[in-house]
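By written order: A, B and C. Residues from 1 in each chain.
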Amino acid sequence: MAEDIIVKGTDVTVSFMNKVGNRKEKKTVLDGLDFDVRRGEILGLAGESGSGKSTLAKAVLGMVPLERGKIESEVTNPQMIFQDPYSSLNPAKTISWIMQEPLKLGKKKYSSEERLSKVEEMLCEVGLDAGYMQRKPGELSGGQRQRICIGTALMQAPGLLIADEPVSALDVTIQAQVLDLMREIHRKKKLTILFISHDLRTMYNFCDRVMILQKGKIVESGKPYDLYRDPKEPYTRLLLESAGII
Amino acid sequence: MLLEIKNLTIEFHDHDRPERVVEDVSFSLDKGEILGIVGESGSGKSMTALAVAGLLPRKKMEKSGEILFEEKNLLTLPRHDLRGLQGDEISVIFQEPMTALNPTMKIGKQVEEALLLHRHMTDEERKAKVMEWLEKVELDDSERVYEAYPHELSGGMRQRVMIAAAMVSDPQILIADEPTTALDVTVQSQIIKLLLKINKDSGVSILFISHDLSLIKQITHNVIVMQKGRIVEQGDTDEIFLHPKEEYTKKLISSIPSVDLRK
Amino acid sequence: MAFIKSIKKIFNKYHGFNFNAGLVITGLIFIIALVGCFYTPYEPTAMNVSIRNTAPSLAHIFGCDDSGRDVFSRVMEGIRNTFFISTMTVLIGSGFGIILGAAAGYYGGKFDEILMRINDALFAFPSVLLALVIVSLLGPGFLNVTVALGIAFIPSFARIVRSGFKSQVNMDYVQSARLMGAGDLRIIFVHILPNILPVLMSSVMIGFNNAVLAEAGLSYLGIGVQPPRASLGLMLKDGQALLATAPWNALFPGMVIVLMVLGFALLSEGISEAS
């Protein structure tokens, strides 16, 4: 692999068996994708529902079996944050417990004081404070929860952060704040981020590179400026028009 | 003036402490106008819309102020008279087209429901009217859709069906509560274009509720910005987007990611 | 222990009328059972022919039975035995139920199918009937009844736990725990289980109820606790013949059963109200 490529997918194909009545039907969700993720970039994965963008994320994490092709990855400890901040935090646990969990599971052992001070540090880093430690997710707003999710994902220095529509369930003003936080963390930690979204507007300023997916195939990819200014494919143009960008 | 809301205040009384969700809201809707209400969650925009639609529960909440439609106050109107207006003069389309349609009923039956309740028509007249609207909302193959069940249609088609069902009785006011939020962007822009066309052709006034400023900008003539149950700012849409006066409006507008493609 | 702490927290959460009333009733009965372990006014098995079937008096507040034994002392022992059997029953039932239900709900697939079909088959019999079958295999007696009822109660718990796990297993927090490298056992018991405790607690209380009734039923049929040891069901059976002449023989054990069932039902109601 080239030096700055940390994930390389060749001919990645994923299918699911769907039960339609009594017969089983094969549904190809990803259809022969070639892609790569480069170290330190924010790669945007854009597409509508059913385009396979979330499945691609799962494939990168090794959570779905490939039917064909392969994904070479030199990423250690990939982490993911999800769209729905209400189901991504364990409702029965305190914030402190949730954020300590990655430290308990890692190879390196920490004493409970070390863990607590690390959690406190991380809470500050994601724009919250130690006062949140004994709270439960149910007492937090959507934006605060998403900050906790980001913090938890960062506890063990991830090699890749996959963010699956991390702001689409949030209010617009909160969206901007969470994106700012992610941008800042990206800059500070030189973190590679795979940013999955349906919102081309958000991606324009946020991503270094955008890949457009339709029905399991990559339609077009490139730097946002070039792609948005001069889309080669009609589908890209349609997406941009629908979003009111061109 | 078609609809006038004066000092509308809504308070919930189902918890220990009363919770004021809408406070002193006044605005009016003219014939043929598309009025947007924009705000974040908890702004009271949906509550205001539900109040206009007469869909708020009668118990456990206190409503004051006036909602005047054809010289009648919808807030104090007897239940029976209100039922006469709902689905006839005032129609609603909701965010989630899957749950808004009855999964066990054929599309045709669901669309003609308003006619069945409010009009005296023969079966043939009703079917003709329904088919006319299925075509007006640009559903290809309207014969097939008429006989189909909701699960056989895509999200975008279902939302078109909802619009047809809402418009079939030629209402004067269409309340659209986040009608495109659950849809893909490409479908979203088609639905917006459709609503604009219907507004132009039939002259129906639309009360368009959304959290999405870029949609509000595309579709509405006038806009109301709400926050925490109160109106922050209201006026001509272009004017507000160009020269917002209030801090909160500025903050909302600046949170739309800008895409500048000039070099 | 974290588990006990979270149970404590659950108890702190509830303070409705139903829960409090249930707590008072079951608490009272529990105290009587506890005292019954160390002290009864008379020896429950001591017979005295001269006071056969005497009505309640200050010396014998619940009266005496056909063999001249003090009914109150026997009720105390009966409560103790019934309490012990139903507690063990619920512990066995919920313990194995949690393990099987959690495994089925968490792993899903073929394993789930097989386990749940067996479960359905067992579920088709009323648990008392199932216990009857097991007792007839093991033979009657105190311990055998406990084991039989325990086994008979597994399916209902397994089913509740499984549906709880099914609803949680695809939540994003489980996915992210997996990504952090948490093992299956940790995810099942540390991450997911606390989230279904409220549902589980409520069904544990209903389980107690059913266990009390089932034990009384089995003893009534004469295959539960064996004489001369006392059990509420057994006393009910013995007292039934004397209902016209010495009604206290059946009345008091019967009332205690009703109270126990009522207490647990109120507790269960209180728990499901609050969650």
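The rule is short, and it goes like this: a contact is a pair of C-beta atoms (placed from the backbone, for glycine too) under 8 Å apart; a residue touches a chain by one contact, two chains touch by 3 or more.
Treat the numbers as computed from the prediction; the structure is a model and nothing was measured.
Q: Once the contact rule is applied, which chains count as partners of both subunit A and subunit C?
A: Shared contacts of subunit A and subunit C: no chain.
Q: Name the chain whose C-alpha centroid is most distant from the C-alpha centroid of subunit C.
A: B
Q: If you average all the Cα positions, which chain's own average lands nearest?
A: Located nearest the centre of all protein C-alpha atoms is chain A.
Q: At what distance in angstrom does the C-alpha mean of subunit C lie from that of subunit A?
A: 48
Q: I'd like to verify one number: the distance from the centre of subunit A to the centre of subunit B, where each centre is the average of its C-alpha atoms, in whole angstrom.
A: Roughly 34 Å, centre to centre.
Q: From the mean C-alpha coordinate of subunit B to that of subunit C, what's the distance rounded to whole Å?
A: Chain centres of subunit B and subunit C, defined by C-alpha means, are spaced 54 Å apart.
Q: Two-or-more-chain contact residues of subunit A, please, as numbers and ranges.
A: none
Q: Applying the document's contact rule, which stretches of subunit A touch subunit C when the two form their complex?
A: For this pair, the touching residues of subunit A are 61, 63, 78-82, 84, 87-93, 101-102, 105-106, 149, 152-153, 156.
Q: So in the complex, the part of subunit A that touches subunit B is made up of which residues?
A: Subunit A reaches subunit B through residues 48-49, 171-176, 198-202, 204-206, 225, 228-229, 238-239, 241-246.
Q: Provide the residue numbers of subunit C that touch subunit A in the complex, in ascending order.
A: Per the stated touch rule, the residues are 6, 171-173, 175-177, 179-182, 186, 191, 194-195, 197.
Q: Mind listing the subunit B positions that touch subunit A in their complex?
A: 40-41, 184-186, 188-189, 211-214, 218, 251-252, 254-259, 261
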